Structure formats: C-alpha cells, structure tokens
Amino acid sequence: MNDNILEIENLHVRFSTFDGLFSAVNNVSLNLGYNESIGIIGESGCGKSTLAFTVMRYLATNAQVEGAIRFKGINLLENSEKEMESVRGNRIAMVFQNPYSSLNPSLTIGFQLDEVGMHHQKLSKSQARKATIEALEMMNLGDPKGIVRRYPHQVSGGIQQRICIAMALLCKPDLMILDEPTTALDVTTEAVILDSIAELRDTLKMSMIYISHDIGVINKVSENIVVMYSGEIVESGPKKQIFENPVHPYTRALINCMPRGGVVKEKTKLNTIAGYVKRRGVDEGGCPFADRCDKKNDTCISKYGTKKIGEHHYAACDRAYAEDIPDKLKVRITPIARKKDPDFDSERDLLKVEDLHKIYGNKRKVYAVNGIEFSVKPHSILGIVGESGCGKSTTGHMISGLFPPSKGRIIFGDTDISIGWNKRDKETLKNIQLIFQNPGRSLNPSHTVEKIIGRTMQKLANINNAKERREKIIDILRKVDLGKEYLEKKPRQLSGGEQQRVAIARSLSISPSLIVCDEPTSALDVSVQASVLNLLNDLQVDTHVAYLFISHDLNVINYLSDYIMVMYAGKIAEYGKRDEVMENSHHPYTEALLSAVPEVDPTKQKDIIELEGMLPDPAKKIKGCPFAGRCHKQVGEICVKEYPPMVQLTEDHYYFCHIKP
Amino acid sequence: MKRLMEMFLRRLGSLLATLVVMSFVIFLLVEIMPGDVAQMILGQSATEEAVAALREARGLNDPLLERYGRWISGVVVGDLGDSIYMQGVSINSILWRKVGHSIILAMTAFIIFVPLSIFFGVLAGVKEKKPTDSIISFFGLATMALPEFVSGVILITVFAVQLKWFPIVSVIPIGESIWQNLNIVVLPALSITLVMFGYISRMQRSSMISVMNSDYIRAATLKGMPRRYVIFRHALKNAMLPTITIIGMNMGWLFGGLVVVETLFGFPGMGSLLMTAIKTRDVPLIEACVLLITVIYSVSTMITDIMYSYLNPRIRYQGGQK
Amino acid sequence: QKDETTQEAAVIGEPVEKEAPVKQIRVAEQVPGLITPGVWDGQVFSMNSSIYEYLIEINAETGELDPVLATSWETNEGKVWTFKLRQGVKFHDGSDFTAEDVKYTIERTQDPSLGHLKKTDFEVVESVRVVDDYTVQVTLKEARPTFVYLFTDYNMAILSSEYDYASLGESKPMGTGPFMMSQLVPKESALLKKNPNYWAEGLPKIDQIAIYFVGDIDASISMLESDRVDVVPFITPEIQQRVDGIDGISVISPYQEQRFISMRVDEAPFNDNRVRLAFKYAMDPKVIARSTAKMELNDGVFYNETPIMNMLAEYKELPLRERNIAKAKQLLAEAGYPNGLSTELYYASDHPFGKELSQTVKELAAEAGFDIELKGYTRDVYLSQYWLNVPISITGWGGRIDPSMLLSLAFKGGGPWNESHLDEPVLNDLIEKISSEADPDQRMAYYHELQEWFYNNGPLINVQVPYLVAIKDNVVGYRQPLTMLPQYKYMDIL
Amino acid sequence: MKYFFYQLKKSPLAMVGIAIIVFWLIAAFAGPSMISFTHTEMDSMNQMAAPGEYGHVLGTDSLGRDILSRIVYGSRSILTVALLTSIFSTVVGILLGFSAGYFGGRLDTAFLRGMDILMAIPPLVLSMVILGILGDSSIASLTIIVSIAFVPATARVSRGVLLTEKSQEYVSAARIRGENHLYIMFVEILPNTMGPIIVEATARFAYSIMMVASLGFLGVGLQPPTPDWGMMVIENKPIIAQAPWAVLFPALAIASLVIAISIFSDFVSKVLIHER
C-alpha cells in the first residue's frame, strides 16, 4: 500500500446539467507510485481534467463525487477544506493549460510566487523571495530578479508557463499534476519546456501526472500511459507496451490517426474514427467506445470489463484478443492514386507572389510579412509552416484578398490580384477560396448550412434557382460525407469536424482553383483531424484544386504537402519539395523545428535543438537575419548585420542563410 | 506614469473640445426652444410693449451668434453672466453656494454607497446562489427599481414624519451654513444611495462571480491559499476594476438623481436650482447649470477612467513589454 | 380722518421690550422672479410689500382706502388730482421722501426702456407737477373718477428718485416700508429687519421677517408642520385639507382670485350664443367648487357669468344657472350640433387651480356633448403662444378693487387682453360709460346692465377661488387685501 | 428555446417577473374597459376615498379620480413610451453604432466624439432641460427626447458587439465572396449580435420607465390629463397623510414594473449567454 503515493479507487464524477446527469469520470481506478510519472491521454472531453481536479478536490458545485482518492494513505475526499489547503500547492501542485489566464493580471509575478512559500512554509518575505528566485532559476529563466518585478502580461507565453511550473515547484511537492501545459505553445517552446520538466523529475524525484492529447508529448515525460475515453480508463500500461502492442481499439485508432514522422499521403491514408466523444449518462453500461468502434459486436455491451494484458498492462476490451482484430498495427490503407489530367499544364504557376509585404497599423507598426516570393503550382499542395506570429495567416489572407498587400504583387494565372476583395472581380473571388482555422467562427452561427453554402453558390457561381441550388448543395455535402439532414442545421448543432466539413463544402461548391487553408485542423481533435486531412486529400485528388496549406504542425505539413515553405518572422527560411526539405534541410531554423517535433514512437527519441528567446519584435524592422538572435549555428556579426542571401540548392529548393551548404 | 500623464492630457484635450461643442449645443438648445423669457418674466399683465422693451433691454433681440459670443467669452473668463431675473446679481453669486451644497450631498451619498455596495456586492458574489446572495440581490434589485422620488417619499414618511429623526425639508435656516445643518443632507443622500446601491452592488456581484470563476483564482486556490486570502488579495482588486468604470458611468444617474432628490427635499443645491431655472425659463442660469453639470460630470468620468488605468497594470504598463 | 387707523394701531401695538427675544415671522414663499416695482410679476408679496410703500393702501378689514405716503387727496371731477404727502418720512438709505419721488414714480411708468407694467394705465396722465415738497398735482387727459385706485397696485410702490433701481433694484430693494432688506441670498432666502425710522409709531410690531424661497408648496407646508416657518401663503385647497387637522395651524383666506373661462366669439362654434349657453348649462357650479377647490359653493368659491366678483359692491345678484343637460343638448342641436362638437381648451398647467378647473370643465361639458381637448402649457408658453387665440381659455385674473379698468382691457372691442374677441356695440358703449361716469349711482346702474348682458349673451364664466394662507395660530393680525399685498406691519407673534 | 423554459422552470423569480410584465401588458391593453371609472372622471362626492370605498378599488385622489383606473390608464402611456424609447434608441443605436464600428476610421472617431458630447450631459438632465423648456410633453416628444438621451448608450453597446463580431471569421468569409457592406452588417452580423442588443434593450426599457416616472415627478413629463405614474406620486404627495394610497399604489406600480423588467432582463441575458 505504501508503494503508491496516490491511489484512486472506483472514482465516479458526475455533473448535473440541464439535460440531465452525466458521467464525466466513470469508475476510474489508478495507482501512482513514488517517483513515478504517468501520462493521461485522450481526446477532448474525455474527463482528463476532471480527474485531475477531483484529485485536487476542486470541482464545480454541480459535481457529485464517489469513490476514494488516497494520497499517502489519506483519503482526500474525506479531508476538510482546511486540510486540503495544506495539501494544495504544498504536497500536490498543479499546472494548467493556459498560463496567461492562470496568473493574476494585477499582481506582480514575484508576489504570486512569494505567497506560496510564505503561506505553506511560513517563510519570511525575504526568505520566500530567495526561494522564488531559486525556483525560477531551476526553470532556466534568465534574469529571475527582473522577472519577479514584472506583471504577467509583460512576459511571453513560454515564460509564463515556466513561471507557473516554478510556482508549482516552490514547496517541492510530492506530486505534480500538469494539465496540458504546452498545448497552447509553439513546438519549439514546447520542446524546451518538456525538456526542463523531464530534467526536474530526475533532480527533484517527484511523482507526476501529465495530461495531454498528444502521445508524442507524453512519450517525453512519462514512463506509463493511461488512455481515457469518455470518462473511463480504457487502457493503461508502460509506454513501450502501449505503443508496440496497443490492445484497445481506441488506443490503436488514436495512435494511427496521427500523421507522424515519415507518413505521407502518397503512401498511407490516415486512420479515422467515425463520430465523436459523446457524453455518457449515468446508467449507460458497456463499452463507451462501442458506438465508434468498427470492430464492435454484441459482447461489447454485456461482457465489458478490464483485462490484464501483460505485466502492468490492462485494457478494457473484451475482444482484445479476438481474432478478427488484426494484430498488425501499422496496417494502413493505401490511398487512391492521383489521376493525371492530360490537358493539365502542371508547370505553369497557378499563383505567383513577388516581394510581398504587409505592415499592420498606422501609429504602432507591425511588420508581419517582410518580402516573400514563392509560387504555387496547379494541382499541388504548398504547406507553409512556422511559429506562431511569423506571418503565415497574413500571407494567406492577402492571397485570398481579405486585405491588399502593403507592397509587392500577387499574380494569379495572368492577372495581378494584389488588391483587396472589394476590388477583385467575381471570377477571382470564386477561384480563390479560404478555409479558416476555427470552423465554429467561420460559419455564421445564425445561418443554416444550406444558407451558408447556398449563399456562396448564389454569389459566386450565379446559381439563383433555389431548387437547383439545393440539389447541388446536397451533392456537395455528400462529397464531404454529410447527409441531407444537415441542410437545416445551424453550426451550433454540429461537431467541430462536421463544421469544418461544411466549411470545406462551402469552398468546394464553386469549384475554385486554389484553396487557402489556414490551419484548418488545429482546433480539432486528432481523430477528427485525420478525417479532415483525408477528406482534403481525396478532394484534391478528385478536383484538381491546389491548396495553400498553413499549419504549425510539421507532421501535418509533411503528410499533406507537395512543397513546403518554412517561414520565420515574416520571411522565408526555406522552400522546397517536401522530401527535400524534410530529409535534407539546410536552414538552422528548419533543423530546430524538425528536431522539436515530438516523436510518437518511444523507441525513436531524438535530441532536440533548443531555441532560446522568442521571435523578434514584429514592431521593429530587422536588418540582418531575423533568426540570428536564436540561432545555434550563428556564424558571427554578419548574421546580425546583413540579410542572408538566397542559396539555391536545386531549381525547387532554396533557403536563406549565410551558411553555405 | 508617463503614459498616465499622456492619457490625462489627451483626455483633458478632448474634454475641452467636448465642452466647446457642448456649450454651443446647450446654448442653441435653450435659445431655440419655444416660450418667451420676457413674457415669462413679466407675467400675464405684461403688454406687448413691455415685453418688447424687456427683450430689448436684456439683449434678447440680438442675433444668436452674437449672444453666444457674448456669453461664451464671459464664461471663458469665469463670468457666467447675470440671472435673467435678478439683474445685477451675477450667476456666480447664486450658483457656487448651491454647487457647494450639491457637492456635499453627492459626496455624502458617494461615501455611503460606494463602500456599502462594494461590500455587499462582494459578499453576494462570494456566496453565489446561497441565501445571503439571494437576499442581497433581491434587495439590490428592489432598491434599484425604486426611483429616487419614491424611495425618498418612503424615507420621509418613516424617518421624518414618523420618527422625526431628520427634517422633512432640507432648508438651511437664514444666516446659517450647511455645516451647521448637516442633518438635512442625510435623507436625500440616503435616497440616492438606495438607487445606486442596487445598481453597483449588482455589478460588483457579477464581476466578483466572474473573477471567482477565472483561471487565476482557480490557480491561487490550488496553490493552497486560504479562501479569505484568495478573495481579498487575488479577487478583490480585479473584481473592483469593472466596478470603477460602472461607478464612473453611473455618475450620470447620480446627477439625475441629485436633481430629483433636491427637488423632492427642497434641498438648496444645483439640481433644484436648475429645476427652478427651467420652470422660470431663466436662460442664462439654465445654461450655466447645464454647463457646470457637464463639466463636473465629464471631469468625474475622466477621473474614474484615469483611476481605472492606474489600478490596472495591463493598461498602466502597456507597451512596457520587453 | 384717515389718520385714525394708524393712530389706533399705534396705541394697540405694545412697545418692544429691550431684552425681549427677537420677534420674527418666518415665511415660505415662491422663488421670486423680477422684484423691481414696475416690472414686478407679483410674487414674494411678503418681501416687497414690507420693503416698499404706496401712496394709499386698501384697508384689509374695511375695504376702504387708507392713506399711507399720501395723507389726503382731492380731485376736480376726476381730471386733476392733488395729493398731500406725509412729512418726515425717510427712505431706508436715509434720504427724505418728497414730492419729487412721487413725480419720479409716476413718470417712470412711461419709461420706454423699462417696460413698466402700468404703462398703459398711466398713459392717461398728462402732467405731474410738484406743487411744493409735500404736494403733488396730477393732471389727466380725460376724466377718470377711479384714477386714485391705480396707486394701490403693487407695481406702484413709491421709489426714491435718487436711487439707481436699474442696477440695484433686484439685488438691494429699497423703499420707505416698515422693513429693510438685511440679507438676500438669491433664490434661497431673504432676511428683512425692522425699519427703526418707520413713520408710524409702534409699527411694525415685530423685529424681522425671514423669507424662504421654496419652489414647492408641499415642501413649504412640511416646513410649516415642522415649525420652520410660520406663514405659507398661496396654498392649494388640497393642502388646506391637510393642514386643517393640525393643531396650531389654520388656513385663512384673505380674499378671492378670479379664473375666467372665456369662449372666443368671433368664430365657430362660440360665435353662436346658443352654444355659449349650452356650455354654461352644462356647468355645475357646485361640482366645480368641490372638484376645483374642495369647498362648497359660496363658501370660499364663487361662481358667476360676469366679469364682476361676487364680493364687490358692483356685483349684481343674478340667479345661479341650474345645470340642465337636456337644455344644453337641445341648444346645441338648435345651433346645428346635434351630435355635439369638438373643441379645445387651453390653460396654464402650472397656475394654481389650472389643472383642476380645466379637467372639471372638460368632464362636465362632455355630458352635454362637448368633446374638449385639454391643452396645458406652462404659463409663459400659454401666455405668449396661445392665449388670446384659442376657442376656450382659462386665465387667472387678480382681484381689482376697481373693475372698470379690466373691462376696457379685456371685454371692449380692441382691448389688448380681449380673450373672447368681443366687439359688441352695446357692451363697448356700456364700458365707455362706466369708466367716465362720475356719478356713483349712475355708474352702479351701468354695472348692473353690463352684468345682465353677460348673463344672457356673455362668453364668460367667472370662477372665484380663494387665495389661501396657512398660518400658525400664534401669528396674529394677518392682513392682506385684494391688492394681494400682505401688511406685515400690523402682524405680531405671540 | 428549450433552455429558456428549462431555466424558467428553475427560476421562480423569473416566472414572477414575467407574470408581472404580462399583468401590466394585459392591464394596459384591456384594463381600461374593465374598470367602471374612467381616468379623468371626478367622483366629486368621494374625494380621497379609501381603497374599497364606493367601488373605488384602490381609492380616489384629491379630485375624486379613481386611482386604479388612473394607474391602469397610466400603464398605457408609460408602456408605450418605454417600449417606443427602447425600440427607437435601439434601432438608432444599431444604425449609428454599426456604421461607426463597421467602417471605422474617421467615421468612428467622429461617432465617438459625438457620443462623448451627448454623454457629457446626464440623460435625465438632458431630457429634463429639453422637455422643461419645450413645456409641452406629449407621448411623442417624450419618446423622442428620452430616446435621444439613451442613444449614446445603445449605440456604444451596438458598436461594441459589432466590433467583437466583425473580427469573426465568418465576416471575412462573407467579404471574400464579395458581399456588400449592408449585407454583411445586417444579414451576417446583426442576427449574431441580437443577444446583447436584446439584453440592452430590455435594460433600456426598465431605465426608460424610471426616467419617464422621474420626469413626471419633476413636472416635465406627460401633461395632464394623461395620467402618469410619476406625476401621480408627486401630485398626491401633499395628501400622503390623508390618502397614503394615492401615493403608494402608483409608486408600487412603478417599482413592480421596473423590478419585473430587470428580472426579465437578467434572465434573458443568462439564457442568451448560454445560447452562445
């Protein structure tokens, strides 16, 4: 019993809402040993956070809890509020997903850290400050003395999150719970933080629960994995076993639906899981995953229960060894081959961008895009990747005409379209479509699906006959795997994946020749992302449309693109055919980016290139290489002073750096 | 600090611009309205001749712009002109005494209702959905729904007529100053307080609730900070920020309420003066009162704005990001 | 002979003891408008009537003329008037009162830049001659047997010829009256102190008057109830009911005011006397008395259909018209309105009794088939924009001790305040005769004839409402005649 | 809608509020015909009759007018004015706030300046001065002036919600399919801003009742014989000792209606926030 620092036994958490009671955590039992780290994984809404908050005894008033949570033998659920106060922050610490909102905006960072020590360890003000500074140093924050005087909004997101972690470390807790601490951050920042967390665990010897929806991330920090689905643990075990021998169909699907290193569209089609996570009522028995499982049969309801698979490896699937589930995991479906259109001149540029600039604002200028040149070939996918704020969206928006460029030209076919939407002709508007990141926001919440798609058809394809239009809409909806019944629905009634399908249908309904996709999957769960990516790919094969695909996820870009463009601070870092960029990258930033991508396969861990600091201030004009300040390969003064020349490797592959190949 | 100063100057500039336009609008408004001042002054037995003579004597026949010019150039140097009635009695000599009274009344009300409503608002917010909350919220709603003159009548009936604690009418005996008669301020201040209490405590409550549900309060609680500490050190300041704006925005209601209660209690303040001026169509006095109210009102909104940004580090240090 | 009263008063008045506390009467009055005599709209009577004095005043008890600054007067057929003035009277600023001041006061009425409210009345004056320091002779262009009454009007306060009323009249009023302005807080209060040099011995009986300017009558009464004031003039009937029950406070009614309900006769529908009669038949004097003033008819409220107040000697008792709806309807039908008619009634909504009277009239007339739309405006808007040009109007008129002046102004063809647009030769003739007839009996006969004409043909209903004053019982000697000027010099506080 | 009724069932206060509003609506609509006295009729024999006496359910005032019928009749004018002002000020506010927020730039700056100026006078003072000087308040003039006094607030709210919506991607989507400004403003954006705008409009409704009552109290509201609740309170205040009901009932009427509408407004905003 004393092997475990935390034992959760038959825990149930239910919320009563206006449409009844539902189970957010259902019969969860879990043990966590001293100095052990487990990662909890699962899609959004699976109850991961609820589980964590229940451990902290911090739940909304509409929650009902049942079961036991023993921390060092004491049942936390029976503790008084007062006793909990001495556990929280002291013995068990927690870090949240959104660092910015977790810090009190009106208190200095120092104050917020000091109070922890002062309260739990009864330190004096100066002692507390000393502890604070130490904790900040532990998180590799340079100039901790400066940081303590600042307010949260005065430091960047990455630093905020490190401060939050430092705050959790202050009392050297026995258990630390991290709830998706890096989800809101860039890959490069994420990599740095994950590294420090892993390091901390080694030095401080504490137990840890790490929550994430990304297996890659969990891989870096935990040895054991717990997979949650719809409030239940469906599989748990050491990460190696889970990865090599996933038993539960959900675990398998989860692993397989992620585009990971080396998976590309020509070779494999992504696995998808139909449907979405449903809330489960209290009395619903059986396997929660049954309705989405393509291998389900009658026993899924009746003979449902946890099975021991191997040492420390359990799975809640009765059919874990059933023969009809192929044992071979990495089986993937091969996609349909791309049809070649003989009339198609694939060498002519569909879109050409020359010296494109965008400066926002009048008084306080923001140099968002600072002179980029590239072209998009017809019937191809150009992926743009880069950190947040590097100007990806701005580029996409200028091309689709949301606003005109400040300088430079955009040539589409033969026409110059370096103008805003209000000056573009109908033909251009029709030919270039835009799909947004957040499907919920790009569809008008008060219009029906029919109106949303129909209006575009009416405006740009001149289909004015309502009946004819309706037929076409039904047609196009079928293409994105949605039925007729969706016509009358409003966006609110659709799930995220369905919403994005409607957005895609809207763009496709008028047969454009270029679709700018601005992070169309980053707001979606991995399983949904897979289906949207598949859909986009299939549609492109079908319709000859070209995509300008923007994402910050290199795996996604790698999977889908024919060409890749890496952007940094409003400039192009590297451009080339996908395989060339991925396998033969030359720009130091591309290298860093590639190294930072979390690897799903635990056997294939690699060293990351840590990037310190952050993007240069977009309000300043930079003379030299924008990456110089963070570059691990900096060659000297020249990097800061002079903008690097273009180095052309092949006709289609070039980069901007002072380092020659 | 520099930003604050900058902001202050900018606001002051826009306030001046507002006042210039405003003064003309007020002037225009008052001047183009129907009704004849001269007729009003002379009453029913006035002959047309008498009215004409008076109009001429008071310069009422001059072109509008000329009159405005005359008026505004006086105002600029602090001369608000003469009351149309008491020639030789400058408005300055009438107005400021009453303004003083009104300010004492408003400040008294302010000093009562601001802490009171913030306290109860916070209490209700912290005890969300508990009986304490329901009682405070309902009381707030009820007082908010009673216009000043209704709550004033109730207060008069209870405290002045029945209990005789305070005078029914807020008159200062001849030869005495308001300081010797502070009991006349109590009931009018209370009736203003009641309305404002409802409004502000409700606002305070909802901002408290939203702050209490915020991530950083959750974080502070999960750091193991005791509830009281969380409420006072972490929640209060953030929850009070919106309240400050609300108070600023409600200065308008306060002034409206002032007119109403002053009229109700016969309180010798600016509000009842304005009311008399309107009834007697004392144009220069109306203009002076409205202009003054505009100034006080704008200045007080300006102060709340500045206070808001001073208390809010997100604005105070904007642009200070490294 | 006229001196007796003052002498008497002086005897009754007890000498002020030296150590006695300050005797003070506190009054709550309306907020004043202009207060300079000549352009004075007639508010804050307490203040002005105490500071200023007149050549003559009306004795509130007998209705006779009392000599004040004039000790006697005589006339030659109403054309030449000679006034003997009181000697030894001083203005508050110390200057002597002489014939020059009277001459100045009379001539001031014609000052074109002033807009004197008595200008028209005094246009009849041809010349004013200072015979000696204490004798003034006024010569008129034509005979005016009742000319002397003009000197009782509140705007005819005797002013000092040496004082600059144009610039000080509003801020430092100054006359020969029993009290002097001591402290004036504009729009708030005034404190009057006893004039130590007052000519009448033993008067005034009190040391000071404190006047509060309170905009709201309700507030004034509250002050009375809570012993912050002693006198509240000009109260409404509702207030009277409220005050009635309170110990130590009474309501007195020193005189009556008039409300004229006038119909315009030069256009339809009231150009037809049958319509006018129908309207009069629809009225119910008793209901009007009760609804408007909460009083019984002839007990505070009076009603007739002529311009002469019931209380005046000139009044002729005519039968009260009984309410008769059937008759009214019949008359209307005969006049061509079998289904009734629609018309408008204009009134000043902020004038006492205005709202009550207009609504009562509307209700009463409705039964006979008059569909009246009420149009209430504040007094200035009413007077400047609508008055004199509307089908029915309700206008307030102060009582006049000599009704003849009013007749030519308001009921004669071409009169400036001819609300009804009357221009009847018979009537014009009668009015002419009344103002120039020197023989009192003959004049009375003309008056009676005039009232009969009004009863049968007139477009007028005259409702006389009481002027009400709420007063503490320990204030004695309240006097206020028809000129509306309260005589504080006779008042005392116990 | 389902949520609306779910919440309604859970919130007895909201039910009471809605019941009161419905009561007043019915009173205003059908009330006058159900009472045996008219609002101007003077029962001169029964002045200041106590509630229940001589068939006067809520008593009479000093002129013998039936309090109940005056209150009921007064509900018509006050509801009319309040309804019209909240509609007018909302519509004008939407037009102004939307155009300013949508087009931005100079127009927006001019709008903000203009609103600053209008806002520089407290609404009650503004209406009081104008109405007082006009001296002739009818339902029309009252409505217009109170609406004007309210426009800055509604316009600012509209502008605020427009600005939030304007940055939404569906607006961008509409732009790049070439929709014109009017379509974007009123077909795309407007329906999504209805929530806060409705909440604001109901709050305006309550304010305007208070305001009309206060103006009535100050004597610059509706002119007699139109009964006005605020005016009734002040008219009858002098007789509060003899006939307290003449003050009490109109005051209660004001309070009940304002409370009910405030409750309703709170409730609506709660429901609408959920819907978003």
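We call the chains A, B, C and D, going by the order they appear; numbering starts again at 1 in every chain.
Following the convention adopted for this analysis, a contact is a pair of C-beta atoms (placed from the backbone, for glycine too) under 8 Å apart; a residue touches a chain by one contact, two chains touch by 3 or more.
By chain, with names taken from UniProt: A = Dipeptide ABC transporter ATP-binding protein; B, D = ABC transporter permease.
For clarity, every value in this text was computed on a predicted model and none was experimentally measured.
Enquirer: So using the touch definition from the top, which pair is joined by more C-beta contacts, A-B or A-D?
Expert: If we tally the contacting C-beta pairs, A-B comes out ahead.
Enquirer: Rounded to a whole Å, what is the gap between the Cα centroids of chain A and chain B?
Expert: Distance between chain centres: 52 Å.
Enquirer: How many angstrom lie between the centres of chain A and chain D, each centre taken as the mean Cα position?
Expert: Computed value for the inter-centroid distance: 48 Å.
Enquirer: Compute the distance, rounded to whole Å, between the mean C-alpha positions of chain C and chain D.
Expert: The mean C-alpha positions of chain C and chain D differ by 45 Å.
Enquirer: List the centre-to-centre spacing of chain A and chain C in whole Å, with centres computed as mean CA coordinates.
Expert: So the centre of chain A lies 90 Å away from the centre of chain C.
Enquirer: Could you check chain B for residues that touch two or more other chains and list them?
Expert: Residues 34-35, 263, 275, 279, 281 of chain B touch two or more partner chains.
Enquirer: Multi-chain contacts only, two chains or more: what residues does chain A have there?
Expert: In chain A, no residue touches two or more other chains.
Enquirer: Please set out, as single numbers or ranges, the residues of chain D touching at least two other chains.
Expert: 135-136, 219, 237, 241
Enquirer: What pairs of chains are touching here?
Expert: Listed by label, chains in contact pair as A-B, A-D, B-C, B-D, C-D.
Enquirer: Quick check: in the complex, which residue numbers of chain C touch chain B?
Expert: 31-36, 39, 41-42, 112-117, 119-120, 166-171, 183, 185-191, 210, 212, 214-216, 219-220, 222-223, 225-226, 228, 350, 378-381, 383-385, 395-396, 416
Enquirer: For the complex, which residues does chain D have touching chain B?
Expert: 13, 113, 116-117, 119-125, 128-130, 132-136, 206, 210-211, 213-214, 217-220, 230, 233-234, 237, 240-241, 247, 251, 254-255, 258-259, 262-263
Enquirer: Which part of chain C faces chain D closely enough to touch in the complex?
Expert: Going through chain C, the ones touching chain D are 217-218, 221, 236, 238-239, 241-242, 245, 287, 290-291, 294, 349-350, 355-356, 359-360, 362-363, 374, 376-378, 380-381.
Enquirer: List the residues on chain D that touch chain A in their complex, please.
Expert: Its residues touching chain A are 3, 6-7, 168-170, 172-179, 188, 191-192.
Enquirer: Which chain B residues qualify as touching chain A in the complex?
Expert: It comes out as residues 129, 214-227, 229, 233-234, 237-238, 241, 311-314, 317, 320-322.
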